[in-house]
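What follows is one structure encoded as structure tokens, with my remarks underneath.
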Amino acid sequence: MSDTIAPPLARRLAAECVGTAALVAVVVGSGIAAQQLSPADGGLRLLENSTATVLGLAVLILVFGPVSGAHFNPAVSLADWLAGRRTRTGLTGSQVAAYSAAQIAGAIVGAILANLMFNQSAGQISTHDRVDSGHLIGEIVATAGLILLIFALARTGRSALAPAAVAAWIGAAYWFTSSTSFANPAVTIGRMFTDTFAGIAPASAPGFIAAQLIGALLGLGAVALFHPAPPVAADDVVVPH
Amino acid sequence: MSDTIAPPLARRLAAECVGTAALVAVVVGSGIAAQQLSPADGGLRLLENSTATVLGLAVLILVFGPVSGAHFNPAVSLADWLAGRRTRTGLTGSQVAAYSAAQIAGAIVGAILANLMFNQSAGQISTHDRVDSGHLIGEIVATAGLILLIFALARTGRSALAPAAVAAWIGAAYWFTSSTSFANPAVTIGRMFTDTFAGIAPASAPGFIAAQLIGALLGLGAVALFHPAPPVAADDVVVPH
Amino acid sequence: MSDTIAPPLARRLAAECVGTAALVAVVVGSGIAAQQLSPADGGLRLLENSTATVLGLAVLILVFGPVSGAHFNPAVSLADWLAGRRTRTGLTGSQVAAYSAAQIAGAIVGAILANLMFNQSAGQISTHDRVDSGHLIGEIVATAGLILLIFALARTGRSALAPAAVAAWIGAAYWFTSSTSFANPAVTIGRMFTDTFAGIAPASAPGFIAAQLIGALLGLGAVALFHPAPPVAADDVVVPH
Amino acid sequence: MSDTIAPPLARRLAAECVGTAALVAVVVGSGIAAQQLSPADGGLRLLENSTATVLGLAVLILVFGPVSGAHFNPAVSLADWLAGRRTRTGLTGSQVAAYSAAQIAGAIVGAILANLMFNQSAGQISTHDRVDSGHLIGEIVATAGLILLIFALARTGRSALAPAAVAAWIGAAYWFTSSTSFANPAVTIGRMFTDTFAGIAPASAPGFIAAQLIGALLGLGAVALFHPAPPVAADDVVVPH
């Protein structure tokens, strides 16, 4: 990726916006389908929701990775900036802000789109309260693992595996965390806008987002510990620019 | 693919016909199995149906991709023609018509074959009414994503991933759309010919097909936006000719 | 594979025997687990059984493919012989007989091993009657597709994908056929030796095996139609020798 | 891997510790989630547990493989030493001890972490009694297959497939063994420290561990039989040093 000319920023922001919208539409839409079709068993609903998310997320990273890096996640964009500051690789601070805005806008649109696909009212606010201490530990662990995974692949020249691997990690984290692993501030905000299976009440969102940012920093620490020697411009594999 | 001599058109049409027949047999057959084996939970039935479709579709694209491009879908063949008109790559208009006819004939045969494998009467017409506004939005989104995926892979030299990626997209779309994502006019017509889990009533088909064609055009727009610079003859990766 | 010296025949026969034993242990063992753990829903039992089979079969082909070709299936060995007769590639007739004997012996051992792992009596004969016309059509279709897949991959230089692809096909065929797709005469014989979820009554076996052999011939016909031009020694990718 | 300088031992031990902790957190955490969400069906619980483990294990091997070899398992470290003694490749005896200690410590931490993520008391001891003869046979078979798989891939130059293949094997073995396939002494010890779905009573652990070690030796025998000719330094692919 580093030897190609990066797409213009506007196209990259469009990719982050559309990709995040599609991701949230997959998460919320499959959650609604599971809720409607499997009323009797909460585990089966989560299995349906997580399976659809794994499949959809892998595809979205394949499609948008070559355009914008397919972050779909302010925590990833922030980590890209932090990891690349010294070598002036990675996103700049202002690009992180623009990426995050595009991701959040897309996430909200995605939730509304899912509501509409299932003939629900477009505008909803979740009443699904989720915060407790176990949930916050789970968000930290899931986000730290996500950041470690992305940089481990980039720094060992295996970013072509990122679509399947990131999707697999999120699929596992749906289950091994009690929070079902949001691990993404933009998706957390988007999921406030649906009062269905995958929603999260606005009052729970700040705690989740704080835990995700802590997790991202911990993940960067793990990257420094386990994959400390980035070849020059290695971050380019994550974000072309 | 572009540096090999393309198979003769008759063989390619046979591949589209047999491949689409097998695809519909997988979709309809696994739907009947799910219906018979999991009477108590609609979500479990859909999980069984979607899992079988993901596995079968990936294999069929692997088998028939090198022969005909493994479209199995008039919306894909149409997009291939539209995207390649200026550079005279891709299918011609009359080839699109021939591909579509082979796909539709195969789809009908596949539905009948599935009926027979499950000891049902060969000739059936579905009574499963499916049209509402959410369903049509779902078909647009699923088909647009399918077209964007196929061309994104072709234009970035990753068409070898198409079997797994297209299957994953359809698997996700079974869940995140309320229509369970037909995303394919030929398969939609084929599924009229079984009055079982995966069937669709003839009255619902025209709306689905119209939405799929709108989605295909939207998908081509997204291709132009996100993957705008096709190398010469890039479409050859999708269809050898 | 064709440029390495083939392993000695004894080792290849051991690989076919052990590999087929492991395959049947996976199929029968996971069937018993499903039967014990999911008494309420037959579809869920089949989903558990098919998922375990997909994962296990892919691994066994990875492990034994470089040794013996990982046929585990007399229909595949027979097709290898038939397809390679003119060019004197592929197995010889007597090797097909030896392969088949090793596969059948392994299959029986595998069923007994599964019985023992689940604390059942070692020696059992299935009372699960399975033959009807739909089942036989299903066995023909599943076996034809299996043969077409294996040779399509070999003749297009993609046999490295066979572990995942063959497993995916069998996983799909569990569902889209009413017979749950045995598609393998040795496995059919082995599964006579367990009176559990995955068993088949001896009286049903001859019909299944006949249908499988018909399917193998049909599959070879499809190979001739869709992938007609084997490069010299292409079969070596399927069986090193 | 063999042509790169190995990471320092301390970093490799940290990788084994953190990776095994994460693995046990995935296994135990997803077990608790399954237990809470799917009270009605034991098979569904196991399907949720095994699916999450497959996805998470593959990711963890991807992340830590280039650092420490991603054994996460004293039986694998032991086999690596035994297989490499003559050629002085592989771990040394004292490194096996250090690896094992790191793995066991990590496994215990992982169980506690999972307890905390689900708001359970941190310190628990399992009361889940598991030993019977079928279980022990299952542990032997699962561990033998695991060792055979890892060395088969290494000795045929396909260790890049290990993340997906090892995860698939464990996923299958959850089902085809009656013990749900621990196949790992460190994980067995870690799982003593949670009184939830995935726990194992301390009294059952010694039998499981003995069976796993027997299985590892049997697996090495199968490696010698089926993949006998290791190129010099082939084990380096499993463990860089």
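As written, the chain order gives the labels A, B, C and D, with residue 1 at the start of each chain.
To be clear about the criterion, a residue touches a chain if its C-beta (ideal position, glycine included) is under 8 Å from a C-beta of that chain, and two chains touch if they have at least 3 such contacts.
Owing to the predicted nature of the structure, the values given are computational and were not obtained by experimental measurement.
Trainee: If you apply the touch rule, which chains end up adjacent to both subunit B and subunit C?
Mentor: Output, common partners of subunit B and subunit C: nil, no chain qualifies.
Trainee: Rounded to the nearest 5 degrees, what is the angle of the rotation relating the C-alpha atoms of subunit A to those of subunit C?
Mentor: 180
Trainee: Starting from the mean Cα coordinates of subunit B and subunit D, work out the distance between those two points in Å.
Mentor: Roughly 40 Å, centre to centre.
Trainee: Using Cα averages as centroids, what's the distance between subunit A and subunit B in whole Å?
Mentor: About 28 Å separates the centre of subunit A from that of subunit B.
Trainee: Could you list the positions in subunit C whose residues touch two or more of the other chains?
Mentor: Residue numbers touching two or more other chains: 40-41, 44-45, 47, 51.
Trainee: Give every touching pair of chains, nothing left out.
Mentor: Those chain pairs which touch are A-B, A-D, B-C, C-D.
Trainee: Over in the complex, which subunit D residues touch subunit A? Could you list them?
Mentor: Checking each residue of subunit D against subunit A gives 11, 14-15, 18, 22, 25-30, 32-34, 36-38, 40-41, 44-45, 47-49, 51-53, 55-56, 58-59, 62-64, 66-67, 113-114, 116-119.
Trainee: Once bound in the complex, which stretches of subunit D touch subunit C?
Mentor: For subunit D paired with subunit C, touching residues are 40-47, 51, 54, 132-134, 137-138, 141, 145, 148-149, 152-153, 156, 158, 161, 165, 168-169, 171-178, 222, 225-227.
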